[in-house]
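Below, chain A partners chain B and then partners chain C, in two separate complexes.
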Partner chain A sequence: MSGWFAYACTFGVLALVQGIACLGLNLQWGQTGLFNVGVAAFMSIGAYTSALVTTAAIDGRLGGLGMPIVVGLVAAMAVAALASAAVGALTLRLRTDYLAIATFGVAVVVDLVARNAVSLTGGTLGISFIPRPFASFADRPVPFAFATFVLVALLAFGAYLVLERLATSPWGRVLRAIREDERAAASLGKSGAWYRLQAFTVGGALMGLAGALEAHAIGFLSPDNFTASVTFQVWAMLVVGGSGNNRGALAGAVLVSALWSLTGLATAAWFPPDEQARAAALRIVAIGVLLTLTILWRPRGLLGERTAVSRHLGGAD
Partner chain B sequence: MTLQWILDGVIAAATLALGATGVTLTYSNLRFANFAHGEFISWGAYLALTLAALAGSVFGTAEVAGPFSFGGRLLLAAGLAAALTGVIALVLDMLVFRRLRARGAAVTAVMASFGVSMSLRALLEVLYTSRPRYYSEELEIAMPLGAGLRATPDQLAVLGLALVTGIGVALLLSRTSLGRQMRAVAENPVLAEIVGIDVAQVIRLTWLLGAGLAAVSGVALGVLVQVRPSMGAELLLPLFAAAIVGGIGSVPGAFVGALVVGVAEAATVRYAGAEWRAAVSFVLLVAVLLVRPTGLFGRQP
Partner chain C sequence: MAVEDVSLAIQPGEIVGLIGPNGAGKSTLFDVLAGERGPSAGEVLLRGQRVDREPAELRLARGLGRTFQIPRPFAALSLVENVMLGARAHPGERLWPNLLAGRRVASAERIALERALGILDFLDLGPLAREPARVLSGGQRKLLELARVLMASPAVVLLDEPAAGVHPALVGTIGQRLATLAADGLAVLIIEHHLGLIRDLCARAVVMAEGRVLCTGTPAEVLADPRVAEAYVGRPAA
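After this line comes the complex of A and B, so read on.
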């Protein structure tokens, strides 16, 4: 019984961590129409930043400042935001596809640095002994897992509230206006490039937070935590849940994580050990088909974007 | 020798150029960055592997012609694989991309291509596992070319193939009626339709040509290096970089861009270490976007 409870808590932590990244992606794609193929890279930047800021010093590796976790999380958001701002500033004035290609490049380079800059990232061996929250009762797995879950859930809920507030604010309305008709928005004096850059940066900061939380929740970090398949899953979460809708982003995160875990359990049980790699690939095929079918047949996803009309129009259509 | 790395870069550029030509054509005619283009490379390579093995089991042992590690059988298999990869691209267009085009959602098409690429790559792993494969076990000795440079006969064959293909595609675009139609669609699909060009037909031919060239580049890469499910995905960033450096829509640009990327990668391998090779494309991409976003031969977007 307690084993299942701890498992459920751990599942919830990982699902909501991706949910936070998914909220960031929703701000970028759902509200603003910016295509980011480097979600995992921005999570990775956040994770490594926080790990370097909070771990104890180790010979032969940079960082190791031994700061509190909160400082690590803030630093993670700041560095991921900076990286997003740099990529955005470079590409957001150009063709929309250039952002996709550039973020894909960021994903390749971040993975390369994570694997090869051993003195910074620990290389393929990664970084271990990353401080975990509530470490004082780490010897009791159930309360420990539950406390971590509550912490991540509160942060996810906080991110949700902030994003909902932003979405209904004048700022959020400008973003949607630019997404729908940039020329009309420009005629009202709203610069598309500038607002897109802001949305892309805030979204990137959330991805950095998500990556850092994952590192602290697991206590260990390696380049394999942030492969292209993570980007792919976060996209599937947003599209299935309903892009443009923050509740959809979180619901999609829980749903796709559950599907991913269940199919993982199923393949582990049904396929012989030497066929496990093939079975794992089959799961990716399935998620890809799910993503593509949702785009084609139900572009709104499960929840979809609510039609936002100014209350001053008084229900007029 | 000291200049050997430049030659190695030029040979790598030959396989890149074939793929980048497809990227630049599909990008300018279909108006979206197709993230599944790399998978056409991998699928072409694996289809050729299976077809060559089939032919081998029908006609007997492996065939080798002249100084090369491959023979007419692999060439035949490569031709068939290029056609089949074209068919895969057409089916994907029919099932996915055509509907998104009709909806007028270019960015959604980019996202769908991302989903399609993950599925296609994982499907190769399901079918063939991720173990590297080879077209031939033949060992090739590099022969001296003078000036201290060396290359294997296979490498020279790929170089020649890329040059002939590049000139062929460039002539197709600039000298034939079909090429004019393709350029018209790239320029303005609505106007092209008005003057009586069958836009749907041009789009089908673009897919066939792009995917076919990708398959040929996959086979070339398989002959020179090896066949792996991730081979195309790893080539995607260099391909985009080559197409953008050269200027989207320009075939000579794709070749020059591939040359820049290939030689820059070789220089990185020589002076910074092989592990940083993949970063070169990103650096070139950033440089071009900063200095000249239209690329060397591109027009204003």
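After this line comes the complex of A and C, so read on.
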């Protein structure tokens, strides 16, 4: 029984971590129309930043500042935001498919750096002994897993509140206007480039936070944590949950994570050990099927976008 | 070259008609004035300030608003939010005040809402204020664009065919409202094929053909000019 509870908590942690990244993507794509397929890269930047800031010093590797986790999380958001702003300043003049190619290129670059800049990232071996929150009762798995879950849930809820506030603000209204018709928005004095850069940066900061939380929750980090399939999953979460809706982003994260976990249990039960690695590909197929069914039957996702934008106007449904 | 060697000036309170056959360069001239295309030569002055090197999004803050030949409403947003997007220097349109100064944003938003509803009433769109803009007819979309621009209290507006495809009753409304606004000092440059509207509203009309100004005068004068008729129907066969 307690094993299942700890499992559920761990599931919740990983689902909500991706949920935070999904909230960031919702700001970028759902509200602003920025086709970012480098989600994993910004998560990775956050994860490595926090790991380097919080781990103990190791010979031959940079960082190792041994700072508290909260400092690591703030640094992760700041560095991911800076990276997003830099990438954004270079690429946000590009539209949809071209921006997608550019951000995919960024993801490949970040992945290659993570694998090869050994003195910074530990290379393919990654970084171990990343401090975990509530480490003082790590010997009691159930309270430990539950406390970690509560922490991540609070952070995800906080991120949701901030994004919801922004989405229902006059600022969010400008994003919607730019997404719908940039030329008309410019005629009303709104700079598309400037607002896109802001949305891309804030979204990137959240992805950085998500990556850092994942690193601290697991206590270990390697380039394999942030492959292209992570980006795919976060996108699937947003589409399934409902692009343009923050609650949808979180609901999609939980739903897709649940499918991921259940298919993991299923492949473990149904396939012989030597076929497990290959069977894992079926889990991605399952997400692909869910994505396709959503697009076919419920193109706006579980929870669609609302018409009223500003919460100040009242009558928002 | 779509537009060449065009020179015109508009005074506060004046409604100037810009007419001419299709392809004369009227909309291109609008794009240059509105900052969407940079001129290869010449200057655009707004209230004495040179603005032709500035991007389009700075024009409204300088006092120049425009509408489009094919209306560009934000279809998914309500009418009132469409209009509120015309607000200038709204603190809520910056990121941080929404997180740190919620009260200031809320009060600015209340003021903007009141003003937007007033403008919608002025243009007879009040009853539709909370509907998404996609439900509007073509003529109502033109009015909505005008409402959006008026929200910014501009000094000059460029209207690209505000009466094209508009129900005749609505054309009368548009005309009356423009006359009221001009009486309050708004300068209006209006592209229009509806010559009745030009005759009723404008003291002065500018005729363009093939990218140049063909002639200028009162609507009656320019419409009587044989060169204008020739530009519209083509050169008579020799």
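Quick notes on this structure:
Here, the second predicted complex is superposed on the first by the 300 of 317 C-alpha atoms of A that agree within 3 Å, B and C clash if a C-alpha of one lies under 4 Å from a C-alpha of the other, contacts with A are read in each partner's own complex, and residues count from 1 in each chain.
Methods note: a contact is a pair of C-beta atoms (placed from the backbone, for glycine too) under 8 Å apart; a residue touches a chain by one contact, two chains touch by 3 or more.
As the structure is a computational prediction, the values presented were derived from the model and not from experiment.
In the superposition on chain A, A:R95 contacts chain B only, with no contact to chain C. After overlaying the two complexes on the shared chain, residue contacts for A:R247 are found with neither chain B nor chain C.
The partner of chain A that touches more of its residues, comparing chain B with chain C, is B. By the touch criterion defined above, A:R300 lies against neither chain B nor chain C after alignment on the C-alpha atoms of chain A. When the shared chain is aligned, chain B comes close enough to touch A:A228, but chain C does not.
On chain A, the positions that touch chain C within their shared complex are 162, 165-166, 169-171, 173-174, 176-177, 180-181, 183-192, 198, 202, 305, 307-310, 312-313, 315.
On chain C, the positions that touch chain A within their shared complex are 34, 36, 55-61, 65-66, 68, 72-78, 80-81, 84-88, 90, 92-95, 98-99, 105-106, 108-110, 112-113, 130, 132, 148-149, 152. The touching residues of chain B, counted against chain A in their complex, run 27, 32-33, 35, 96, 99-100, 106-108, 110-112, 114-116, 118-119, 121-123, 125-126, 129-130, 233, 236-237, 240-241, 244, 275-276, 278-279, 281-282, 285-286, 289-290, 293, 301. For chain A in complex with chain B, the touching residues are 33, 35, 37, 90-91, 94-98, 100-102, 104-106, 108-109, 112, 115-116, 228-229, 232, 235-236, 239, 277-278, 281-285, 287-289, 291-292, 295-296, 299.
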